[in-house]
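What follows is a group of structures, each given as C-alpha cells.
Across the two complexes that follow, chain A remains constant while its partner is chain B and subsequently chain C.
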Partner chain A sequence: MSKRKVKETHMPVGECISQYGYIFQVQMILRERFCHQRLPEKPVGMESQHKHLLELLRRTAVHGESNSVLIVGPRGSGKTMLLNCVLRELLEVKDVNKNVLPVHLNGLLQTDDRIALKEITRQLNLENVVGDKVFGSFAENLAFLLEALKKGDRSSSRPVLFILDEFDLFAHHKNQTLLYNLLDVSQSAQAPVAVIGLTCRLDVLELLEKRVKSRFSHRQIHLLSSLSFIQYLDNVRSQLSLPQDFPDTNFYDEWNDGIKTLCEDQSVVDVLQRHYNSSKDFRSLHLLLMLALSRVSASKPAIKPTDLLEASRVCMVDSKANILHGLSILELCLIIAMKHLNDIYEGEPFNFQMVHNEFKKFLQRKSHSIHNFDKPVVIKAFEHLQQLELIKSMDSSTAKIQKEYQLMKLLLDHSQIMEALQKYPQCPTDVKQWAMSAFG
Partner chain B sequence: MMEQCSYPSIFIYGHRATGKSHVIHTLLKELELPYATVSCVECVSVGLLFEQVLLPLFGSDSASLLSRSPSLSDFVRVYKQLCVQASAKQTRYIVLDRAELLRDMEANLLPAFLRLQELVEDNVTVILLSEIVWDKFRPNTGCFEPLLLHFPDYSKGELQQILSEDSHPSYSPELYSAFINILLGVFYSVCRDLRELRHLAALNFSKFIEPLEQGKVKESDTHKLWRNIEPHLKKAMQTVYLREVSSVQWEQQLQMEEKEAGAVRGLSAHAHVELPYYSKFLLIAAYLASYNPARTDKRFFLKHHGKIKNTNFLKKNEKPPPQISSLGTLQLLNQVGHDDQLDAPKYKCAVSLDFILAISRTVSFDMVKYLYDFL
Partner chain C sequence: MFVGLLLSRYLNMSVEGQEAVTTVTPGQYILIEGNDDEYPFVAKLLKFFGDESHKQKKALVQWFLRLSEVPQNKKLLLGRSPHPQEIFYYLGRACDNEINAESILGTVDVRQDNSPDTLYVKLSWDTKAFNVLDPVLMQDTPASTPPKPALPLFPPCASPTATPVSRGPVRRALPTPDPTVMRRAGSVSDTRATMSAGKRSTLEISANDLLLCLSQGWATLMGVGATKKSELIMMDCSCLFPVGSRSYFIYLDVIFVVLLTCVPVLRLHVSSVPESLPCREQEFQDIYNFVESKVMDGTGGCMYISGVPGTGKTATIHEVIRCLQHASDMDEIPTFRFIEINGMKMTDPHQAYVQILQKLTDQKVTADHAAALLEKRFSNPAPKKETTVLLVDELDLLWTRKQNVMYNLFDWPTRRHARLVVLTIANTMDLPERIMINRVASRLGLTRMSFQPYSFKQLQQIITSRLNKVKAFEEDALQLVSRKVAALSGDARRCLDICRRATEICEHSTSHPSSAGLVRMNHVMEALDEMFSSSYITAIRCASLQEQLFLRAVIAEFRRLGLEEATFQQVFVQHRALSRVEGLQPISVSEGLAVCQRLGACRLLLLEASRLDMLQRVRLNVSQDDVLYALKAVRD
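On to the complex of A and B.
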C-alpha cells in the first residue's frame, strides 16, 4: 500500500492525465457490469439451468418442436440474464438467426390481452397484413398471425419464441385468454412455438386456471442461488477486477493487486459476510459495489476498505431512524407519548386526545424545558406525523368522526424510537428520561 | 458520469425543504445533462405524466405520438421509437418529485419506472424524490430495488446560517442574525421546516425593526428589540403558523397600532360560521343531547323549562326540521345508524366544546350550566 502512495505523490503531470484516463475506463467497465447494461460471458452458478434451457430452445428453433417452460426465481437471481445469455448463444447459429422470431411481452406493460395482441402483431411485423381486419375472438386472431408466418420461403411456419416477463401478472387478466391461447398453440401442432415465462412467484402455478394449467408442460427451471460464502467472495473479486484486455498492463496489475488485498482484509470480509447473510443475490451486491465505486476518482484511484464500510453503512441504515432524526421536539414528545400509550394498553389504537393528555401529564409533572403549547399547534404537529406516515388511521372513513377522536396506530417499533432518541441532536434530558421511564 | 452507465433508479428521501429537488436540479443544470422533471402532484392522469417526460427529452412534437389516453405500453413504444431517431451518448435523467403519489396511480407504474432502463433499452436513470421512506413504496411481489440516498435535515446552526442569508439590504447582517436567533428560539422546538421559517421571518421582520425605525432604540439594544417582538411571535404561532389567518391579514394587523388592533377574523370554522338563529339553538340542543347522559335531561330541563322558550326538541312523531339536514351538510352533525331508517334518523353532534361555547355566547345562552361534565 505504501509503495503505491509514494508512486502517487511523485507522479509527473503527464502521468496524472493518463491516470485519469485509466480511471475513466475502469469506471466505465465496472459500471457496465453493475448497472446491468452488458451481459456477462457466462452466467455464474447456473450451468445446469443454462444447458437445460438452451437444449429446450434449440429443439424449438431447429427441430420445430413446441415447448413451454417457466423460469422461477426470486428478484435479482438472474432470470432475465440467463434467458438473454441463452438467446445470444442460440442466435449465433446462422440458420436459427434467420428463422426464429422472438416476441417479448412484459406483464407490467401489457396489462390487457388486447394490448398484448397488438404488441405481438407489431413485433411479428404483421401490422400491414392484419390491416383493418376485425376478428371474432382472440384465438382467431392468433391463428391468423401464425398462418401469416407460414408464407415465408419454407413450407412450414417459422418458430416463434414467446417470452413472457412477469408471467404472474398475465395470470390476472380476464379469463387468462392470452395464456390459454398461447399454451394451446404450443400443445397442438399448429406451429412451432416456445412459451417461456419468467416470474418471481414460486406459487405461480396456483394462479393458473385448470384449463391453462393442463396445457402447460409443467416444466420449471428454478434459479435458487446455492453459492457458498467462499464462492461469493471469489465472485466479488472477479466482479471488481479488470478484464484481460485492459490497455495498460501496469495499471491493470496495480488495480487487480489492490482488489486482491481488499478482499483479504478482515473488515471487508465481515461486511460481505453480513450482506451475504441477508441476501445472496447479485443485484444487492452490485448496489453495494456501485456505492463503493462512486468514491473512486483520479485523486483516489483505488477502492479502500473504508469505502466498502461506508457503502455498507449507507445500505443497511434504517430509513425511519433517519426521518426521526429530523423531527421537531414537539413531534418527538408526541411519539414518546404514543410509545407510552402502546406500552400501557399493549398496542391498542389511540386517538389524538389520548396522546395530548399523556403529553400534558408529562408537562405538568416532569418537564422543565418544554413549553406548554396550544392545542392547535399540537394538532399541527400530529398531522405532520400523519403526513410522514409514521402514524396511520385505523379505518379509512375519515368523515364520520372528528379528527381529534379518530383512532390511529403507531408504525414505529419500541427499539427504533429508543435508538432514534440516542442519536437525536440536543435532546433535552427530561425528554430522554421520560422516554426511558416505565410508566410515563 | 456523463457517457457512462448510471444505475437504473435512485430513490432520494428526506424531510420537506432539505434541498432534495434544489440540489438535483442545480446539479443537472450545471452539468448540462438532458433531463425531464415532473411533479406527480400535477399528474392527475398517467397521460400527463408521460407527456411531461417526453417533451423535455425529445422535443415538442414527441408528445403528439402518444394516443389520447396512453397506456404504459404505448409510452414505452413511443420512447423506443424516439430513441432510435435521437440516440444520445449521455445518460438521460427523469426526475419524479412527490413520488409517493405514484403509489396511488396505476399499480404497474412504479415498478415499470424503476426498471425503465431495461424496458426501453436506453441509457436512462429515474430519480424519485419523496419525504416518505422506501419501505412504504415496495410492491407486494417486490421490484427492482433503487439506490437509496438520504438527505439529512438541517441542524439549528445550519438553519441559522441559511436564514441569515436573506438579510435586508438596509440593515446589517448581524442585526438580521439576531432576529433569526430570536425567531428560532420561539419556533425551533415546534417546526424545523425551512420554508415555514423563512415565511415567518419575512412576515415578522418589519415588526422587529419598528422600534429602530421609530428611533426608540439603537441597533445594539437587542434586549429591547426582543421584548418588542416576542409577544408578536407568540401570537404568530397561534394564528399565521396555523394558517388561521392569511399572511396579508397578519401584515395588516402588524401595521395597526396596538390600541386599534381588534380581534382578527380567523380563517377557520370557528369565526366564520354564520348560522341562522334557530339553527344555533338546534345545534346547542344536539350537543346537549349528544353529550349529556339521558337520565340527566329531566334534571336540567324541567326546572328551567320556563326559561328556555326557543329551544326545539325533537318529538317522536314529528318530522325533523330541514335545518337538521343542512347542519348535516355542514358536517356539524353526523348521521349515526343505518341509512334506511328514514323516519327517525339519529344524529350525533360533531363539534368541539370550544366551538359550541362560542356559538352559545352569540345567543346569550349560558351553556355551561347545562353540561353534565361541568357540574
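On to the complex of A and C.
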C-alpha cells in the first residue's frame, strides 16, 4: 500500500484525470451494490431455496398450477433479493415474459383491504375496465376482481403472482378477507395465481385464522443464514471487489489487490469479527462498507484499514452517549443527581423536587465551580432533558399533577453516563468526582 | 258484473282495472301481477274454475316468459340480443299453471309476427333450450287440454298450496353416476395402471384401447389441468394416427412420459375436482335427500352444517347440487336455482342481500333496497316460481349485533310461498347456541349435520381415489402422511398439500423427470419436516453470537428474578456480565437494543413498544428449554 502512495505523489496530470474517472466508476458500481439498486448475479448461500422458489413459480407461470408460499427470514436476510432474483430469472423465459402479471403489495403501504384492492386493480391494469363502472363499495370491487379472476381457467388465463411484502401485517386486516380470497383462489380451479408472502415473523402461521390457514399450502421457505466467519470475510472481499468487465485492467488489478490485502489486515478482521458477532445480515455490513467507501477519493484511491475502523466506530457509537456530549453543565449535573437517586432508591421513579434537592446538596457541600441556579432555570433544564427523551414520565395522565411532582425515570445506563463524562469537553473535576462517588 | 259472471259460468270473468272494467275470456292473453310492477307476467288464459270450497276463483293459464325471467346462465342460449317486446312460450313443467283470478291485471295483445309495440312470440322455452314455436300451440283453442307435453306433475284441479303435491315418479336411492362417465373413468384407470407398471412399451395396448385412451382419457386427464405442450402432442398424435404406426408409437411414448410425470401432481392439487367424494357418502346422502325432498315438495327449509376446515363441507354440497342439477336435467325433479354466497367474500353482512338479489335477478341495488325486494319476493305468492337453493358459506361472518341478516335468511324459508332451501356452513358445532339469539336459532331449526375430521383411513382413501389407481406412493409413505395429518387436524387440504410437495421432492431427487420412481418414505418425511417442523430452533442456531448471548442473558435474568419477564435494562446487565465471561468486547446500549429489536422482529422475544427504550419489558416466545437445547447444540 505504501508503494501506491509513492506512485500517487508522482502522478502526472493526465493520469490524474483518468484516475478520477475510475474512482468515480468504482464508487458508482459499489454504491449500486450497497444500496441494493442492483441485484447480485446469484444469491449467495441460498441455492436450495432459490431452486425451490424458482420451481414453484415456474409451475404457476408455465403449467398454471396455483400455489402459495411464505418466505420467512430475519430482517436483512435477503428475502426480497431472493424473490427478485427468481422473478428476474423467471421473466427471462420467453413465454412467461409476456404472460405473467406480478402484483406487488406491501403491508406497510396497503394498510387495509380496500387500499390493497385498489392497488391490485391498478397493477393488473384493470382500471380501464373498472373505470366506467363506479363501484359503490369495497364489496363490489372485491366481487368484480374475484369474478375477473374466476372467469379464467388454467389454460386460458394469465398467471398472476401476488407478492405480499410484510405478510404478517395483512393478517391484521379485518376478517383477513384479502388473504382468504387470495388463498381461496389459489386453492380452487380458477385463474392460476401464486401467493408469495414475505415476512420476518417466525410465528406468522399462528396469526392466520383457521379457515385462512387451512387454505394456505403451508409451504415455507426459511432464509436463516448459517454463514461462517470465513464465508463472511469472503463475502466482504467479493462485495468490495470490482467486476471483471471494469474498463481499465491496471486499475482493476490494483484495486482488487488492495482489497485483498485490506481483508487480511488484522485490525480489519477484528472489526469485521465484531460486526459478524453482532449481526450476520448483509444490510448492516453494507452500511459499514458504504461509510468506508465514502472516504475514497481521487487523491486517496483505496480503502485503508483506518477507513474501515473509522466507519465501524461511527456505526457502533452509542447514540445516547453522543447526546450527553451536547448537554450543558447544569443538565449534566441533573443527570448525575438522577443517577445517585437511582442508586439510592434502586431504580424507583423520582420527581423534579427530589432531583433539585440532590443537586442543591451537591452545591452546598462539594461544589466549588458551579453557581447556584434559580429554580425556573433548573426546571427549564429538566424539561429539556425530558424533550430529549433522556428521562421519561411514568404516569400517563400528566394534566393533574404539577410539573415538579411528576414521576420520572431515567433512560440511561450508568455506563453511558460515565462514558459521556470521560469525553465531555472541559468537565469540572468536582462534577466528575461527584459522579464517581458512591452516594450523593 | 256479477250477473255476467254467473251467466258465463266461469267462461268469462270481469276484472276491475284502475279506470275501467275489462272482461277477459278464455283464449285471451292476460297480464298477471308479479314481482315487478313494470313488467307483469304474461299468460294465455285457458279456463276458469272454482276451488273446492267455491270461494276463490282460479284460472288455468299457459305461461309466457320474458327474457328477464329466464335464468341468468341460460340467457346466452338465445344467441342474440332479445327484443324488449319478445316473449317465449313456456314448455316447462316446474311452474304452477293455476293462478288466483284476482291477480289478473288485464288483457294484452300478443302476436306471432314481429311487431314493435305489442308483445310477440316466436320461440318456445322448455327450461333447457329455445326452440322454434309450433304454430299449432298458438291456435285459439280455449279451454282445451293443457298443451304441456310432459307428465302432469300437478293434477290440473288440485291447488298446489292446499294439498301436498305428489312427489316425483320414483325417488331414486342414490344418484348413480352417468354410465358413460363411469366407463370413461374405468378405461382411463386401466390404461394408467398399465403405464404405472412401468411397461411403457405400447405393444400391449391394442389400437382400440389406444383410441379409447386418446379420445376419452385425455379429456379426463387434461381436464384436470392441460399443459399447452401436451395438448400439442395430443393434436399431433391424432393427426398422425392414420398415417403410419411407427411415428405414432414414438408419440405415444412421449405421451406416457408426460402422463407419468404430470398426473400425480395435478391430481393432488386441492383445486382439482375429483370424480367422486369418498368417505362422505352418508353426509352426501343426507343432504341430497333433504334438498331433493324440499325441491320436490316445493317447500323450504334450513340446514346447518358444521365441521373444521378442510373436511369437505363445501365440496359435498357442490357435489349434491351437481347431482341434483343432473337429475333435473333428466327431468326427474323440478328445476331449481342454486345460489352461493360466502361470508368471507363480503365486506359487510348486509352485502348478502345485494349478492343474493344480484344472482337471482341480476339487479344491482343497495343493501336496504335489496332486502326489501327479497322480502317481497319470498313472502308474496308468485306463479312460475322455482325452488331456490341458497348456500351460505362461513355463516359466522354474517353475524351482526341485531342479527337481522341471519334472521331474514332463516325466516324466508318458513314463509308459505318462499320455496327457499338454505344450507349454511360454519366451523363450530355450537354456533347457533353461542352467537345466535333465540329467535334466530329457533328459525334455523334442528336440521344439523356435523362433518367429523377425517380419520387416517379416510385420508388414505381420499388420496388413493384422487390418484385413481396411479401407483405413485409407497403404501407406508401414504400411511405416514395420513396418520400425521389425522393426528393433527384431519384436514384433507393439508394432506393433499403434503402429498403434492412430496411428489415434487421425489421428482427433483432424480435427474430425469421420467425416471422418477414412487414417492418413498424419505420424500414424505422431508415434506413433513418442511411443513411441520418449528423453525425456532434453527433460527436460534443461525442467530449471531450477540443475539444468542442476549437470549442466554434473558434466561439468566428470568432465573434470577423468578419471573418470566424482565426489563431490557435488567437483561442488559446480565448480557454485559456474560460477554465478559465469554471474553467478548461488551457492546454499547444502542447496539444491545438493536440486537433485542432484531430478536423481537423474528418473534423469538416478545417486546413492548420500542418507545419505552430501556424500560421495555422482554419476554420469551419460545420455551426456555428450547432455547437452552438450541444453544447447547451450537456450543458442542
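Everything that follows uses one rule, which is that the second predicted complex is superposed on the first by the 415 of 440 C-alpha atoms of A that agree within 3 Å, B and C clash if a C-alpha of one lies under 4 Å from a C-alpha of the other, contacts with A are read in each partner's own complex, and residues count from 1 in each chain.
In this text, contacts are C-beta pairs under 8 Å (C-beta built on N, C-alpha and C of every residue); 3 or more make two chains touch, one makes a residue touch a chain.
Bear in mind the structure is a predicted one, so any value in this text is a computation, not a measurement.
Asker: Is A:Pro305 touching anything from chain B or chain C once the two structures are fitted on A? First, second, both or neither.
Answerer: A:Pro305: touches no partner chain.
Asker: After the superposition on A, what does A:Asn106 contact: first (chain B), second (chain C), both or neither?
Answerer: So A:Asn106 only meets chain B here.
Asker: Given the touch rule stated above, what does A:Gly21 touch, chain B (first), chain C (second), both, or neither?
Answerer: Neither partner.
Asker: Between chain B (first) and chain C (second), which, if any, makes contact with A:Arg75: first, second, both or neither?
Answerer: both
Asker: Check the residue A:Pro40 against both partner chains and state whether it touches chain B (first), chain C (second), both, or neither.
Answerer: So A:Pro40 meets neither chain B nor chain C here.
Asker: With the two structures laid over each other on chain A, which partner does A:Tyr276 touch: chain B (first), chain C (second), both, or neither?
Answerer: Only chain C is touched by A:Tyr276; chain B is not.
Asker: Would you please give the residues of chain A that touch chain B in one complex and also touch chain C in the other complex?
Answerer: 74-75, 200-201, 317, 319-320, 389
Asker: Which part of chain B faces chain A closely enough to touch in the complex?
Answerer: 3-8, 13-15, 18, 71-73, 76-77, 106, 108, 111-112, 117-119, 123, 131-136, 141-145, 147-150, 152-153, 155-156, 188-192, 237-238, 241-242, 244, 331, 334, 350-352
Asker: Would you mind writing out the residues of chain A in touch with chain C in their complex?
Answerer: Those residues of chain A that touch chain C are 51, 55, 62-66, 72, 74-75, 113, 136-139, 142-143, 146, 154-155, 175, 177, 180-181, 184, 187-190, 200-203, 210-211, 213-215, 217-220, 222, 224-226, 274, 276-280, 316-321, 347, 389, 392, 409, 411-413, 415-416.
Asker: What part of chain C is in contact with chain A in the complex they form?
Answerer: Listed in rising order, the residues are 225-228, 231, 262, 265-266, 269-273, 308-310, 344-348, 351, 354-355, 366, 394, 397, 427, 489, 491, 493-494, 497-498, 500-501, 504, 508, 530-531, 535-536, 538-539, 541-547, 569, 572, 576, 584-585, 587-591, 594-595, 598, 601-604, 612-615, 621.
Asker: Which chain A residues qualify as touching chain B in the complex?
Answerer: 27-28, 31-32, 34-37, 74-76, 80, 106-112, 115, 119, 122, 168-169, 200-201, 283-284, 287, 290-291, 314-315, 317, 319-320, 322-323, 325-330, 370-371, 373-374, 376-377, 380-381, 387-389, 399-402, 404, 425-426
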